[in-house]
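We just call them A, B, C and D in the order they show up, numbering each chain from 1.
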Amino acid sequence: MVGPSLRVSLAGLRFENPLMLASGIVGVTVPSLTRAIDSGAGSAVSKSIGLEPREGYRNPTLVATQDGGLLNAVGLSNPGARIFAEELSEVRGRHLPIIVSIFGGGPVEFSRVVDILDSQEFLAYELNLSCPHVEGVGTEIGHDPEVVASVVKAVRSRTKKPLFAKLSPNTHKIVEIARAAVASGADGLTAVNTVRAMAINVETTKPTLTHKYGGLSGDAIRSIALAKIYELYEEVKVPIIGCGGVSNWEHAVEMMLAGASAVEMGTALYQGYGVFQDVNRGIVAYMRRKKFRKVQEMVGLGH
Amino acid sequence: MVGPSLRVSLAGLRFENPLMLASGIVGVTVPSLTRAIDSGAGSAVSKSIGLEPREGYRNPTLVATQDGGLLNAVGLSNPGARIFAEELSEVRGRHLPIIVSIFGGGPVEFSRVVDILDSQEFLAYELNLSCPHVEGVGTEIGHDPEVVASVVKAVRSRTKKPLFAKLSPNTHKIVEIARAAVASGADGLTAVNTVRAMAINVETTKPTLTHKYGGLSGDAIRSIALAKIYELYEEVKVPIIGCGGVSNWEHAVEMMLAGASAVEMGTALYQGYGVFQDVNRGIVAYMRRKKFRKVQEMVGLGH
Amino acid sequence: MRRVTKNVRENRTINTVYFNDEESSRARPGQFVMVWEPGYDEFPMSLSNYDSKGLCSVTVKPWGPGSGEMVKARRGDLIGIRGPYGRPFTVDKSSALLVGGGTGLAPLLPLAKALVKEGGRVAVVIGGRSKPDLLFEEQMRRAVRRKNLFITTDDGTYGHKGFPTDLAESMIKERRVGRVYTCGPEIMMRKLYDISVTAGVEFEASLERGMKCGIGICGSCTVGKNLLCRDGAVLDAKDLKDSLDEFGVLQRDQSGRYIKV
Amino acid sequence: MRRVTKNVRENRTINTVYFNDEESSRARPGQFVMVWEPGYDEFPMSLSNYDSKGLCSVTVKPWGPGSGEMVKARRGDLIGIRGPYGRPFTVDKSSALLVGGGTGLAPLLPLAKALVKEGGRVAVVIGGRSKPDLLFEEQMRRAVRRKNLFITTDDGTYGHKGFPTDLAESMIKERRVGRVYTCGPEIMMRKLYDISVTAGVEFEASLERGMKCGIGICGSCTVGKNLLCRDGAVLDAKDLKDSLDEFGVLQRDQSGRYIKV
């Protein structure tokens, strides 16, 4: 008998397995992305790339919360689209399953980033919608269905590559926003980004992060992410990439049962790059035990 | 030298200490509330009381998530306002620092609950806004500033007791909603209720809770609650009761530094009723070390 | 989750369902687990067996959907088990009288074994409406001396005719009983409480109430100020003293309203 | 958080700041901690001392706001310490040559002590621009045999005149050196790498890069495919082989752009 297969295809893309490196995790540079792929990730999402180089906030930018979560306010540090495009050009021809995450303050900035990057060889874009809306009223882009629609439309008009809209979990309107993204041309959704949070140090009496507010990732947000994925799966008919707190095979399977066609891992990388192989092995063992032959058979089975 | 004092006053109420039993935790019955107070809670909030008796959902209604969180979908089980009023009448004259949490599907139902309860002896109301809006469009009451305003106005017009609006963390509009509550007559805010979440069991392949979706409490949500309290403190000028994931003195102090004048504990009760005394002792030791004489000196110091 | 290893019919309504669980096998007599029958219900059950190899059991009478499904369990079925929870019975050398009815025998079986091991004198009264309702006669016979095992049936079809409380009352009066332990219908337990307190004998009972969390959070299992899942399920005479208007009289339903026990 | 127990001036710019920390005191040579100077910055620092009683230290040169505040630390000041992190130097009996410059001596001090304890032959070269820039001469003198300690100054104000790399090169050629260990300016370390590889001698260097998380998440500390915080900060010749366009040449700034080291 042939063993279960980990291959997945979504939005016209094919991956060796459903695991992905999440944006902003080790993948600041192309060598890091490559290493994730070599270590067993089916694909790797880059750090979010903006128009100009950004240094991000001063340290502390990361703090481990007592609840198994990681709080970060890195501040979207990135080398800017031009330099990242150059870096990508060096791996041209290697057909690496790289997805480029991009951000901007509104449709105009997003478009410019795409214009700079689009001729490079990579599989798809992930649109990071969790940044302040600088071109508009100043709230977070990902909380306003109209702004999301305008961003996705703008990007859609400039590239043929598949688009994944990465959603914020910090709003009660996630379904509405997902619908706006899909209606405007998104091929899939990534759910979710970090949860807004804070840590205060009782000795200094002040917030620990320099930026005060940060995004919570890791264990603490898994069950929150799971609820969002489950809800989106029932309401929106495009593939969903699950993300948030996955650090072992059981978590990955939970997400697929909720409706995720693929699963990103971020904070779990504190275990080292070996985590991709460990999780893939666990999924295969589970599939064998439960007699699933394809990943697709699990997707959404929790409904 | 006199030691630090734990006394707090907020919204015209005075408590022996800043710790409160959170709604829905052991305090389903008046004897349980009394036991919390006898065990060292400055005050105790009842289970949310509605117009009619409700059995709630079938078990499993609670599940411990792997991340130190507790997920519940109890389904607002409660004996109804009439029976609870009777139960309260039995402790009349004892001047217990009890706060009654109430819920309803809209302003009309909230008002009727108040009419039934108001002549009883208790300190204040906490308005649980995290329930489906049955009189209106069906979304959660606490996510719509207008509905929140109408509920608070309705309740305000029927009682002289102080009102605390208990806010949902599941929206990006928490400041807007808090402002609506305050403008409509709320004397204070409780932040926050549980975070919407889910657990899926990989063996059954289905959500564990009978109701599928549940509310996450405990460790996992503390840093999320903290961010909300910090933000509210800067935007709204009424006292805030902090709630979410507090299980030791350090957590309680963090919340007060963020801006909470008092702190509710819920899930921490898995440690037993003794937790109130332990936390109070820890706060006193901290105050002594940091040379605070009054709790008020810590409130908001993290800004 | 745990797999059912076997399901043994005990009498015409009651079954004992076995499973392997490391944690539960470290239980003490009177502790319970929350049993999850996926798709049906989650409910508290006393552990009726647990050995050093991790084999455990609960002994179930079908009432509602959850227990109704559980008695039909087959080898290999998946069930959820969390626990063990709660305060156990006191195990010491006081001369013990165990009085059980129906599934109330479940926590008394490991208790009897533990008390015998401890070296105390142990007498057991098993009550049932009729012969086919008796539970654990064989197991108790193996656990305690033959002369210390007493059976009562309401209809006299087996053993002494009458209620277990009647027999227990005379035993308490006649013999040197240090502590009465009981589990069964609450009215029976209340009677025994009154008898024991009057006779100045120690008393411990394992009560039943609706439970949701099992860990002292939800408050659905109150008996007076006690949370049964945490302060019980075994309560002693001191715990019960302040709850005599509830014990054997009233309990809270799922909504928190009082109903008759 | 930890309290500073003392702050010792080492030379005209460098101070050693002591604190108590159980975890850090279980470090191995070459491991580092993330030091948080509240209100200023959090930055990686090699542990320069740690003893069995929990007393630890870092040895700081002021550069930016964080280290600038740190050198001014006073007894009782609160600092954050997390770690120890990273892969340590290899401690075995191979004949060792330690070459350090500036604060690079920090991780080499506990290394020298550990190597001597292990029983190997240990020679140390301390380099500095001028006499007042030398670090840990006294401490190293106590750690290794007098005849195995060598000092170089660029301006010849003390010890051998010249670069530590020159002295090291001749020592590698003349003597039986099994492994070169180094920490200091990256250009110096790169030179030593080239010398060591040419001579067929093992090589380990503790590098510096901007760090945010210290635990292999943020990716800000890359040297090629290596994450310095996890795969390093000590890298050996094999690790470095694929990063020769970066090592001693380029590093990524905070945004991820390459800049000169």
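Rule of thumb we're sticking to: contacts are C-beta pairs under 8 Å (C-beta built on N, C-alpha and C of every residue); 3 or more make two chains touch, one makes a residue touch a chain.
Bear in mind the structure is a predicted one, so any value in this text is a computation, not a measurement.
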Where subunit B and subunit C overlap in contact partners, by chain label: none
Count of contact steps on the shortest path from subunit C to subunit D: 3
Farthest chain (mean CA position) relative to subunit C: D
Where subunit B and subunit D are represented by their mean Cα positions, the distance between them in whole Å: 52
Subunit A and subunit D: spacing of chain centres that average the CA atoms, whole Å: 36
Whole-Å gap separating subunit A and subunit B, where each centre is the average of the chain's CA atoms: 34
For subunit C, residues contacting two or more additional chains: none
Junction residues of subunit B - those touching two or more other chains: 206
Chain contact graph, described as a line, ring, star, complete graph or other shape: line
Touch relationships between chains, expressed as pairs: A-B, A-D, B-C
Residues of subunit B that touch subunit C when the two form their complex: 24-29, 31-32, 34-35, 47, 53-56, 58-62, 64, 70, 72, 74, 77-80, 83, 201, 203-204, 206, 266-267, 269-270, 272
Subunit B partner contacts - residues on subunit A that touch it in the complex: 65-69, 71, 139-140, 143, 168, 170-173, 195-200, 202, 205-207, 212-213, 216, 219-224, 226-227, 230-231, 245, 250, 253-254, 257-258, 286, 290, 298, 301-302
List of subunit C residues in touch with subunit B within their complex: 1, 36, 38-39, 41-43, 66, 78, 80, 82, 212-213, 215-220, 222, 224-225, 227, 230, 252-257
